[in-house]
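There are two complexes below, and they share chain A, which is joined by chain B in the first and by chain C in the second.
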Partner chain A sequence: MEAQKVDMFIMSNNKFFESHHIPQIRELLLKADDSKWALVQTLQFQDPTTILIVSLLAGGFGVDRFMIGDTGLGVGKLLTCGGFGVWAIVDWFIIMGATKDKNINKLQQVLY
Partner chain B sequence: MTRNKLYTLLTVLSLSGYAWLVFQLYAEQQNSGIGQVCIFKSVTNLPCPSCGSTRSILEIVQGNLLAALYINPLGFLFVSVLLILPLWIIADLLQKSDSLLKFYHHTEKWISKKPVALVLIVLVLLNWGWNIYKDL
Partner chain C sequence: MNSTTAFVHKEYEAEKASNSYLMSLIAIMVGLPFPIINLLATFIFYMAHSKKSYFIRWHCTQALLSQLILFFVNSIGFWWTINIIYLNAEVSSAYLIYLACLVLLNLIEFIATIYAAIETRKGKHVKWIGLGRIVDAIVTK
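Showing the complex of A and B:
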């Protein structure tokens, strides 16, 4: 892909990824075929900030985990009342990283 | 979700579950509990969907199955999970297999299907409504 397109993608989507993943994403996109561009552009990423708000409000019911696609963990959180509240509080701090991981997985699935 | 991450998480969860139960059994004998731990209930004064599962499990341990069913049917789910999970993890670790991980991914996919998800959501909501009605 052209460097210009790749840089445009990174500029408009960098809040969805960990900063240390950006160089890796840039290389992946540069190596990728031009035909993937349309697909990459239509990808919908989860905004880590939105998920954090959901986690703060409804983390005890596991809604945050359901939203990023961790259905199994969501059920676990829901049925244990947010892991006695402990797990819910731990997730306030790690949910943004987990969301960004999910986003990069989504991108990788399209590119490989 | 990698194999090691999942197995560590599940081990920690079931160990804390057992620790909590032992503590509750001990507290019941001494007649000194630490009272209510549910944050949702403390804040809103309403029971959460899984409130009462500890009491339910303690009734099952003592053989009062009907009483357990009345307090919270989720207790039966927890008892079976707590019995099966550690054995499954140990078996998997000994045989160096990842059958539990495969089962986890399989179940996750199955639960995410719309009809299944709908039924489960309705069940949880019904149970929650019953909890509020019983004023657990």
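Showing the complex of A and C:
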């Protein structure tokens, strides 16, 4: 892919990824074929801040986990009322990182 | 407590390592009467970061071990108090001394956790006296 396109993508989407993943994403996109560009553009990433707010408000029902695609963990959290409150608290600190990990996995699935 | 910058680590690692202490502080506030709540919270956090870098794992382990020590001490105090309230056991001087030591230990741990959270966020490698060596032995690079 062209460097200009890649830089544009990174500028507009950097908040969806961990800062230390950015160089790796840049490398991946530069190596990728031009035909992947349309696919990459259509990808919908989850905003970590939004997920954190959801986790703070409805974490006890597992909504945050459902939103990032962890259905199994979401059901577990829902049935245990957020792990009796403990899991819900721990997720306040984990969920942003987990969301960013999901986003990079989504990108990697398209590129490979 | 010793603060060292023994090895190089990145910004995101400092944030996650600091979160392990911060999370245990919030768990203390939420689950104050039940000693196991803090231990469970730090254990879940530790499990979630068990495959992360050495620096993150090291501080998650230190937070977990500190809560483990507190768990045993607080559990004894908790059940002793339950025994006195519900089974009308005698309030002995040994109980009062134990309770005073328990409060003191919890206070020291609370302050040390705040200090560790602040310093780790700055990127410093904070080793607690005694506990640091045990963590060194447990966590592999």
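One rule holds in what follows: the second predicted complex is superposed on the first by the 112 of 112 C-alpha atoms of A that agree within 3 Å, B and C clash if a C-alpha of one lies under 4 Å from a C-alpha of the other, contacts with A are read in each partner's own complex, and residues count from 1 in each chain.
Criterion: a contact is a pair of C-beta atoms (placed from the backbone, for glycine too) under 8 Å apart; a residue touches a chain by one contact, two chains touch by 3 or more.
None of these values were measured; they are calculated from a predicted model.
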Between chain B and chain C, positioned on chain A by superposition, is the outcome a clash or a fit? fit
Angle, in degrees and to the nearest 10, that opens at chain A between the C-alpha centres of chain B and chain C: 60
After the superposition on A, what does A:61 contact: first (chain B), second (chain C), both or neither? first
For A:19, using the defined touch cut-off, is the partner it touches chain B, chain C, both, or neither? Pick first, second, both or neither. second
Regarding the shared-chain residue A:82, is it in contact with chain B (first), chain C (second), both, or neither? first
Which partner does A:97 contact after superposing on A: first (chain B), second (chain C), both, neither? second
Which partner chains sit in contact with A:71 here, chain B, chain C, both or neither? Use first/second/both/neither. first
Distance of closest approach, chain C and chain B, by C-alpha atoms in Å: 6
From the superposed pair, tell me which chain A residues show up as contacts to chain B and also as contacts to chain C. 83, 85
Can you tell me which positions in chain C touch chain A when the two form their complex? 10-12, 16, 19, 22-23, 26-27, 30-31, 37, 40-41, 44-45, 48
Within the complex, chain A is touched by chain B residues 1, 13, 20, 37-40, 48-51, 53, 74, 77-78, 104, 107-108, 111-112, 124
In the complex, chain A touches chain C at residues 18-20, 83, 85-87, 89-90, 92-94, 97
Complex interface listing, chain A residues touching chain B: 60-61, 70-72, 75-76, 78-85, 88
